[in-house]
Amino acid sequence: MSTATRRVSGAGVSRPLHLRLIEREAPMGYILLLPTLLVLGTFLAWPFLFGLWLSVTSAELSDPGHFIGFGNYNFEFKIDHPFWTSFWNTFLYTGVTTVFKFTLGLSMALLLNQIFPLQRFVRAALLLPWIIPTVLSTLAWKWMFDPTFSVVNWVAVHLHLVAAPGPNWFGGTSTAMAALMIVNTWRGMPFYGIAFLAGLQTIPLDLYEAARVDGANRWQQFLHITLPLLRPVLLVVLLLSTILTFADFQVPFVLTNGAPYNSTHVLATWAYQWGVPGGAIGLGASVSLVLFPVLSIIIAGVLVLLRRPE
Amino acid sequence: MADLEDKPYDPEREAWTRRRFLKAAGLVAAGAAAVPILEACGGGGGGGGGALTTGKAPVPRQGASIRLLQWVHFVPAADTEFIRQCTEFGTKYGVTVAVERITADQLIAKTAADVESNSGPDIIQMQYGWPHLYDAACVDVSNEVGILKSKLGAVASVNDAFCKVNGVYKAIPYTIVPNAFTYRTDLLSQAGVTSWPKTWTEFAAAAAKMKAANLQPFAQTDGHAYGDSLTMWNPVLWSHGATEVKADGKTVTINSKETRAAIAWAQNAVKGGFVVHPEWLDPDNNQAYHANRISATLNGASIYIREKVEFHHYDSVSDNGVVPAGPKGLYTMNLIFNHAVMKWSPEKETAKALIMYLMDKTNYLKYTDIAGGYNAGPFAAFDNDPVWTKDPKMKAFHDVVATGKWPGWPATPSKQTAQSQQQYIVADMFAKAIANGDTESAVKEAESRLQAIFSRPG
Amino acid sequence: MATATVSRRNERPLMDRLAGRWIRIYIPILLFILITLFPFYWMTVTSFKSASELFDFNQSPLFVAAPTLEWYKILFFQTNFWHWTVNTTIVAVVSTSISLFCSVLAGYALGRLRFRGADAIGWGIFITYLVPPTLLFLPLAFVIRDLHLFNNLWALILTYPTFLIPFCTWLLIGYFKGIPRELEESALVDGASRWQAMMRIAIPLALPGILSAGMFAFTLSWNEFLYSLIFMNDSLSKTIPVGVTTEFIKGDEFYWGVLMAAALLGSIPVALLYSFFVDYFVAGMTAGAVKG
């Protein structure tokens, strides 16, 4: 297809070399990609490789250390107790919040797909948690779960949902993890919601009409029309959200930072803990690099799972 | 040498008076040779001061600009006074002084980053044993410490342990923040507790009385609170005869029957009515006390001072008590701060001169006065600081200074003890044992974590 | 927007349907709104409560009895909040610009041009998502140190594009793919160079997508925390998220009033931007999700 254009543009008139280069797709393609590759190469690819190197050294702050092979990984996997806690917490945190975000997001989308007054305002309002800087809204939640002055508890007690004074959110591991999950779900659900809404709105209505005529009830319509046609949206949202939640640093760091006694750390915050206050850069790098293969496996898994029955 | 101590610090005058002494001692002819000898004798020694001053006092360079990094003081008025004194120094010597303040737990990250990038403030406030962590980046200040020792007496043992790295002073002692128990006299007497408990056993009994009387409990954090966790659980450990490591700084000794005894005390105390909060950070016990939720807690003087100065709710019914003793003695822990001059500073002498100015007795006493007893001076001369007698209720904060030890005691402060402290290994051990009653696994985990630190790869 | 309910109009009495609507639609939506917006309400209310009200639960904490502006005064006059706002804005604007520049070009190249390696590079850019900031922050600290950029806004401006570009590129590939080839083809036939076709036809047509990508990038940049926490240690160099979390817990006091005031004000610029361009936001999210 493009040969025709090339011939036309090259016919007769002699053009400067740089323009001729841009004519052809290949050089132009590479040139256009140059800025991106430069940025990503310098500040992403190179640090990644450097991180790999750091993780096999005993590097500490102001001490480049020396090569120690798998020493750091050995330490983390075999000796460092909180590492495994943070490892499993990361899975738990991602898994539970994904389920809730998915369900609530889908419900939200189904609701928003109806007609009702102030629709635009409602839609805009429901997206707000996702827009506002995470750290700032997490601080509000931290205050809402405060050990002494939790408003969540105050409301729950006054609604007779729990006995006074209400759960000590950050005082126990399960309640603290629950708090983390609540905040993450609150924050991430709108992303699922809006994406699903857009997906819903691309489904032709006649499909539903035809199904209704054929005798399918709402639930069957949902199962056999809505869900399958939402699959591509589902896939993308799930992929992105899983990656981001797995690597989440902000919510766990601001809300609990591991409290109580290192039981609510996730891989991101544990890596930070070793690397920055602890000064053990090589060790911190090794903890955070555990994310990479795990992420790759999960993503591959999600892709396979959702691509299969096509 | 009386005139040296009474007048405000003036490096120019210092040098002149020293020259007079040398002359009077007949050394003026050999003055040039004598000074290095004096420096060699005076620097780096431990213990008390002598009649001889040691070496030259640092002289500020006019037109210099220096930065000092330190924490945000828990008593705001103290920071105001600190900045005022720095500005006063600046005006007097034609120096620009910028004071940067960040929260205590951010200080280590910032210090680490500065050391890493080999640039940053000229003076950094070193908390706990950081001079040992960063000793390569800190300038040798043995000369200055020697001068201060000769004027102000011996250095408090904890500051000394922190400032002296391998026999060389890498930081100048600055201050101690004593921690003691602040308690509600009205609630305690209501419950039948007539005097502040002297031992941990009595403490547990008193906490139980509070519970029996259905009154606000004794409460403390056992979480990752920068101050209140360390100052509570280390003394509990030590006073039962337990330690993290031996004095050699290598052998981990946490797995012992003494540790188990300490944990048993904690578990029983909690069963009886002592409330521990693993999620509390430093501000939480303050918050709870001011909100009338608790009746006693271990803290710096900020709770009592704020009641007295700001809130006026419970100041008349609050008093302060010394940390109780255990079967193996009375041990306390306080927050310790010192000032290090960093090796990348282009104005080392000016920086040193500023610190000397701040440590001048008159200036320092003004500071402790405004801090209201929140700070204690780290030299023997400050032992009878009038701030302790101004308000008799502050006596407990004076009394806890002498018995103070440091994280990792009896080992010398080191990178490893600092890491153990930063990871809250001792607090975590108590927290877990209290939470699930499993003493064995808590001790074993603390032991393996400590062993990992004291023998980590590289 | 006709929905399934239309088909049932003739089947049930009005009151039933109304009640049904309330149960099925209005009440759930109200619940969603309540839960979504309560934290913002709480932020606002807290920022206007005086210290005595903040720590007194004998009255309802849900309302303010005697509002005060003292926290806002402290925020503006005793902290470096204004500096942080300026820093955050500068970083967001410049890094978004850089990222858009790179992604527009890259999006066009990958979405429109055919050349060897295009697919591989496309996947490569997607793969960068597997290397999130959590993985890179420690080695990046060394890179930033070697470039002497600690406490310099450029440390952020240069590193933020690493997570902004992949998303924007991916978004724009979709947009560029959606522009009919014929439009450019006809221009090329008329003698325009490929570069001109790109600049004069493709890019203008992709403007809605570019705007969406820009909105997104701005929001993501404003939201970033970890890199800023590591690279910016001087108080004057910090961005809002870092400044608020590191400087407002002063030792023995939580300054909840100031914290919430700062959280509120720190959210406003993005919220405003969002409220004006919400359609572009939604379009961006959905284009990425649906077309990608």
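Order of writing sets the labels: A, B and C. Residues in every chain begin at 1.
Going forward, a residue touches a chain if its C-beta (ideal position, glycine included) is under 8 Å from a C-beta of that chain, and two chains touch if they have at least 3 such contacts.
The model shown is predicted, which means the values in this text are computed figures rather than measured ones.
Top contact pair of chains, counted by C-beta pairs, is A-C.
Set against the C-alpha centre of subunit C, every other chain centre is closer than that of B. Work out the mean CA point of subunit B and of subunit C, and you get 43 Å between them. The distance from the centre of subunit A to the centre of subunit C, with each centre set as the mean of the Cα atoms, comes to 14 Å.
Of all residues in subunit B, those that touch two or more other chains are 109, 116, 287, 291. Residue positions of subunit A with contacts to 2 or more other chains are 149, 276.
Residue positions of subunit C touching 2 or more other chains: 55, 141, 230.
Residues 57-58, 60-62, 65-66, 68, 71-72, 74-75, 79-81, 147-149, 168-172, 176, 256-262, 276-280, 282-283 of subunit A are the ones that touch subunit B when the two sit in their complex.
Residues 1-5, 7, 21, 25-26, 28-29, 32-33, 35-37, 39-40, 42-43, 46, 54-55, 57, 61-62, 98, 101-103, 105-106, 108-110, 113-116, 118, 121, 125, 128-143, 158-159, 161-162, 165-166, 169, 185, 188-189, 191, 193-195, 219, 222-223, 225-226, 230, 240-241, 244-245, 256, 259-260, 262-264, 266-267, 270-271, 274-275, 278, 281-282, 285-286, 288-290, 292 of subunit C touch subunit A in their complex.
Remark: subunit C residues 55-56, 141, 145, 148, 150, 230, 233-235, 246-247, 249-254 touch subunit B in the complex. By the touch criterion given at the top, residues 105, 108-109, 112, 115-116, 118, 133-134, 136-137, 222-224, 277-280, 284, 287-288, 291, 293, 419, 422-424, 427-428, 431-432, 435, 445, 448-449, 452, 456-458 of subunit B touch subunit A in their complex.
Of all residues in subunit B, those touching subunit C in their complex are 71-74, 100, 102-104, 106, 109-110, 113-114, 116-117, 119, 227, 281-283, 286-287, 290-291, 299-300, 302-303.
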